[in-house]
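Two complexes, one shared chain (subunit A), two partners (subunit B, subunit C).
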Partner chain A sequence: MLRVFLTITAAALIAAAWIIWDRTRGPVSTPIADFSAPFIFGRFAVPPDNPLTEEAFSLGRHLFYDPILSGNNQVACASCHVQALAFTDGLAKSPSLSGGELGFSSMSLANLLWGQERFFWDGRAASLEEQALLPIQHPDEMDQDLDALIGELQTSRAYRKMFRRAYGEVSADNIARALSTFMRMLISSDSKYDKYLRGEERLTAQEEHGRKLFMAHPDTKVSLRGGNCIDCHSQFLTSGFRDALDGFSNNGLDSDEDLPDGLMAVTGNPAHKGFFKVPTLRNIAVTAPYMHDGRFETLEDVMDHYNDGIVVSDTLSPLILEADNAPQAGQQTVGLRMTPEEIDAIIAFLHTLTDDAFLTNPQFSDPFEGGT
Partner chain B sequence: MKLSKFTQITLTGAALMVCGLSAAEAQNREESQGMVLLRGLPTLDTKHSVAIVELDPESDRFGEILSEVEQPDMQHPLHHLYYSPNGRLYSTGLDPSCSLAEIGLSRDASGTPVIEGFTCLDTKGQVVGEDIMWTTSNGQEYMFVTFMGGTGGDDGGSVGVFDTQTNEVVKIIEARKSQIGEGEPYIMYPHGISAFEDRMVVTSTIHPDMVTGVGNVLTIIDLNTLEPIENILVENEKPLDFPSSPVEVLFARPSMHADIEPAILANTMFGFETWKVPYDASSKTFGEAEVIYSGVSNETAVPLEFYGTEDELFISHALPGVVKRYELAALPELVSTGPDIVADPGAHHMIFFTSASGRDLIAIQNNLLNLGNAADEDPTDVDFIADLNAHTITIHDLETGERIAEVNFKDRYNKGVDNVEGLFGSGFVHHH
Partner chain C sequence: MRGSRIFLGIAVLLILIAGGALYVALKPEGRTSITLTFHAKMGKTPLVFDEFVYENPGGTGTFRVRDFRFYLSNLTLSEESASFAQPDSYHLLRFDNPDTSHSIVLNDVPLGTIDHVRFLIGVDPDANGSIEVRGDLDPNSQMAWNWEVGYKFVVLEGALRVGEDVSPLVYHVGFSENAREVAFALPPGVSADDDTEVHLTVDLAKLFDGPVQIDMEAMSSVKFNRADAKMLADNYATMIDPAF
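What follows is the complex of A and B.
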């Protein structure tokens, strides 16, 4: 009998010690298992105080899908960033809490480790960590008070544990870090184009024609026809360029009278009026409608814009203004003046950027399976 | 406007200065990291390897090997590195078991580049891979590789045509001197390779054993038929009493600079000369070959590589170990743009990049082949010409040529250095 009592007491003491140790130990930093990113996507840097870890990713994934982040507990990040739509929402402009619509289209979240180091269409956030908290607090988006959110999260044993393991305490900074880690891990690198780049799959003749047009700036002097895409969308990532503000551009959507501020609202530089972030074209076939305000419903509409619908304004990209495959045809319109076959080829190539593995990756899916 | 890699690098450097990045952030730059092929030295008990090394003298990690994969089972090392237009990294190889390889690169969770390893490719018996280029034949892009040993024999040599997706051999272009008719064009010991429109040129250098035979011609290949159509003799002075041994070749062309008149430039390893062969694109005919640079007259020897930036052409001369610089727009004439960049004996391959503070730099790899000393019973001493083995990469200011720093691989790593390439791709505009 005494032996049984001693055994039970010892087990209870061990269990208690384990619980105390688990609740008082510092964060755990488990490197992301089997992490590997394509070399050709280029250099990336993760903030030293927010390395990519399994614990941070798991916490960020839960937060991303949890409507607890909104003031009314009904809107999650995932409400406007749907995995099957490459983390867009399929709407021209996302709905606002007041029943109207927001000013901009929901941006795709893919390959954020690369490309521009400023976020939002107008580049108003200088880091993912800074970006992550802004929609949460925006009165038309999630309308959440951060102190209130921290209080709510602290009432959850599961969240307390996840925060403890990932970072230590529940705090606004750590919410931002976790969401950023989840978003940084949204790597799309298994499309047909990626497989082509790795030598695993061939493009069709039409897709290859489109790829060549995508990569070429037209030059009639040497009979080079081009879609001019690569001047703004990089060769492998198909996102905007990383250096300085090269990844922002005025792509000829509006006249000077109607031109929104765009990047100028952030930099104060009139030369940046109408500049918006050049988005990734990864999974572009599933992210309609297009442009910062979702004005184009289809890729055909987008190509029509670039082909003969460019609106000239003072800050229009000169790379777009001068890109013309048939300058001898007259100057009634500004655009690429490609043939219908060439436009179809570029669209065919854009479809090779769809990464089904990314769109269905269970690691990026809702961990709550329908409820918080 | 599309910017060349060199211009992008330059602008990146300028942007870093403007943005005032911290020293720590500046250390994360990769533009100054080089891919190198290192040769194990038998007397020092080291293995061949492919590695990433920091080459910015302003970096705390200057000269450090950041990632490395050894080739423990190969007697001879990998030889020359090339990035394909799709960003795949290839290397030719001197070992018959691995005459061509694809090197795997990736990034870890911190973003650090990692060499994953290399895969030796099936060359269908072609050995001793040298140079690679990607160009089209009848509208289809292929990877063309020169194999100095070809499929073997005393007069071997081939140009392998590979599928760019699968790396499979599509065709082997061969024309043995001993098997063709008198006066028919042949391919023998090909090394350098370059092309313009539908004409390709390869050189005839030397049998891989360095004993059996030495070449003295260029071979023109018709890219429509993938057959050799012409030999052009490039031999004049014989300072070593050997055939001239043309090595690297550049088909100067208007796509490099609008002012360039098409012509072949070829360096002769044992003739010490640079040759020019004018090309008339309208008639598809080559003019008379002529010497436009004499090493004997200028006291240089073993001219090797051609590299170009936006506005200059650079030619390395292994002895005394200098890189000469010329106006790109003036090609095919060699119009000097400044004093020689004084490197080390064996001056060979080079890359261009900017330092963390934005200074334009050139890194020169100084080593040919004879790494060891026969007196030490080192079998790597082939000793056909002396003192081509500094084992260094020297770093110079690109504008002034001033020597800023060096990495001595033999002293630091007990290895020789056979090749350097920019981690991010070419780092230069024109190579060959």
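What follows is the complex of A and C.
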């Protein structure tokens, strides 16, 4: 009898110790080892206090798809960032909680490890961690109080466990870290253009023509024709540039009278008025409508803008104002003045940036829908 | 037994002596550090961005500078008998800061003193033809034309105002043949210090007002025309001067 009692006591003690140990031990960090980052994308930096781990990615993925993050428990990050649309929402401007629409178009989330280190169209967030919490709290976006959110997450055994494994406690900082890890891992590097760069596939003659035009600033003095895309969109990433504020530009959408503040609202520098973040062109064929306010519905509209629809303002990029394929002085319009064949070629090249593997990668999908 | 102990003792002694000799032979003669600070100027005064305050050197009108930056590469420091070439020495110098200056700091230079400084304005042909990320070289940066053409070495962008008309200025100078070497000696007073500080001026006016005087209205952009690019390169070859 005593022996049975002692055995049960010992077993209970071991079980209790294990439970206490499991609850109190530090996070389990399994570094994400097998992600592929093409060397042509260049250097990238992950904050030292938020290393890329499997546990953080899994937590971030759950948070990204969970409407629990919003005040009314109906809006998730994924509501406006849909994987099949390269994490945009297909709308000119995303819907506002109050019934209208937001001021800006939902941005694609791809290859955020590279390119600009400022986020949002006007660059107001200096890191992904800073960015992640802003839409959650914005009254027109998700309208959630962070302390209330932490309380809600703490009532969930599953989230308590995921936070414990990834970071330790449920906190606002750790919510931001987990969402950032998920977003950092949204890597698109398997488009036809990537396969071409790796020597695995050939571009068609039209796509190759478009690629050459994309990569060239026109110079009539040496009969070089160009679409001038590369002056703002880097050759491999096709995003804006990483260094300082090089990844922000005024691309001739509005006159001085109508020009929104853009980056100037963040830096206070009048030379930045009307500057917006140059977006990645990865998967651009599925992220319509275009520009920070979604004013162009098709890639043809975008090309028409750059070809003869540039609106001159004081801070307009001189590279856009100067780029012209026609040798004789311009008439009334400002733009590239390319032929319809050249425009079609650039659009054909832009389609080679669509990465179906990225758009359907099960690791990036909704974990609450039977995925893993 | 006794013999082998003596032998061991001698062996240990020999190893110690050899190690000491090697240490003395390989020990660097001295370690020094150097800071090169480049100050962007227009003529004698610090560069001002985004204001129409500069005269078109070869014609009419005033111009403003929106962006000015350049690559400096292959920085080599030397004393009488030895020299030190900084590895992966590719620096993008940009001046969009309150001091309109840019510093390059080298610590632990394995030289006793530094008498001479040498570098390229631009990028050497090997690195210019590569997409490898080295130093400040980045094929996804604004300074990359594309992998078939290489890097822009010197970039100046802005606008020229003549009367009411404002027109863009775009000077992008690259091509391997347009790298230009700058070399100078440090006077004894400067190099004697263990923590050498050297100030240099980068005079943008020289770009347009050097061996060739340029009318910005007639030549408002330089990109891929090799004769034009060479002309600007011969001008910028003299834009950097040490200020002692």
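Structural remarks
Simple rule for what comes next: the second predicted complex is superposed on the first by the 349 of 372 C-alpha atoms of A that agree within 3 Å, B and C clash if a C-alpha of one lies under 4 Å from a C-alpha of the other, contacts with A are read in each partner's own complex, and residues count from 1 in each chain.
Operating definition for what follows: contacts are C-beta pairs under 8 Å (C-beta built on N, C-alpha and C of every residue); 3 or more make two chains touch, one makes a residue touch a chain.
This is a predicted model, so every value here is computed, not measured.
Annotation: superposed three-chain arrangement on subunit A; subunit B versus subunit C shows a clash. With both structures placed on the common chain, the touch criterion links A:Ala244 to subunit B and to subunit C.
Contacts of A:Phe236 after superposition on the shared chain: both subunit B and subunit C are touched. When the two complexes are overlaid on their common chain A, residue A:Ile40 makes contact with subunit B and with subunit C alike.
Once chain A of one complex is fitted onto chain A of the other, the partner contacts of A:Pro31 are limited to subunit B, with no touch recorded for subunit C.
Shared-chain residue A:Ala271: touches subunit C; no touch with subunit B.
In the superposed pair of complexes, A:Leu224 makes contact with subunit C only, with no contact to subunit B.
When the two complexes are overlaid on their common chain A, residue A:Tyr196 makes contact with subunit B while staying clear of subunit C. Of the two partner chains, neither subunit B nor subunit C is touched by A:Pro340. Touch criterion met: A:Leu319 reaches subunit B and subunit C at once. Overlaying the two complexes on chain A leaves one subunit B stretch of 116-124, 350-358 or 368-376 clashing with subunit C, which is 350-358.
Common to the subunit B-facing and subunit C-facing surfaces of subunit A are residues 39-43, 217, 230-231, 236, 243-244, 319. Taken together, the subunit C residues at the contact with subunit A in this complex read 49-50, 66, 92, 94, 96, 131, 133, 138-142, 144-148, 157-159, 167-170, 172, 220-221, 223-225, 228.
Interface residues of subunit A facing subunit C in the complex, by the touch rule stated above, are 39-43, 114-115, 215-217, 219, 221-222, 224, 230-231, 234-237, 239, 241-244, 246, 270-271, 318-319, 321-322.
Against subunit B, the residues of subunit A that register as touching in their complex are 31-32, 35-46, 51-52, 113, 196-199, 201-202, 217, 230-231, 236, 243-244, 319. Taken together, the subunit B residues at the contact with subunit A in this complex read 1-2, 11-12, 15, 18-19, 25, 28-30, 86-88, 105-111, 113, 164-167, 424.
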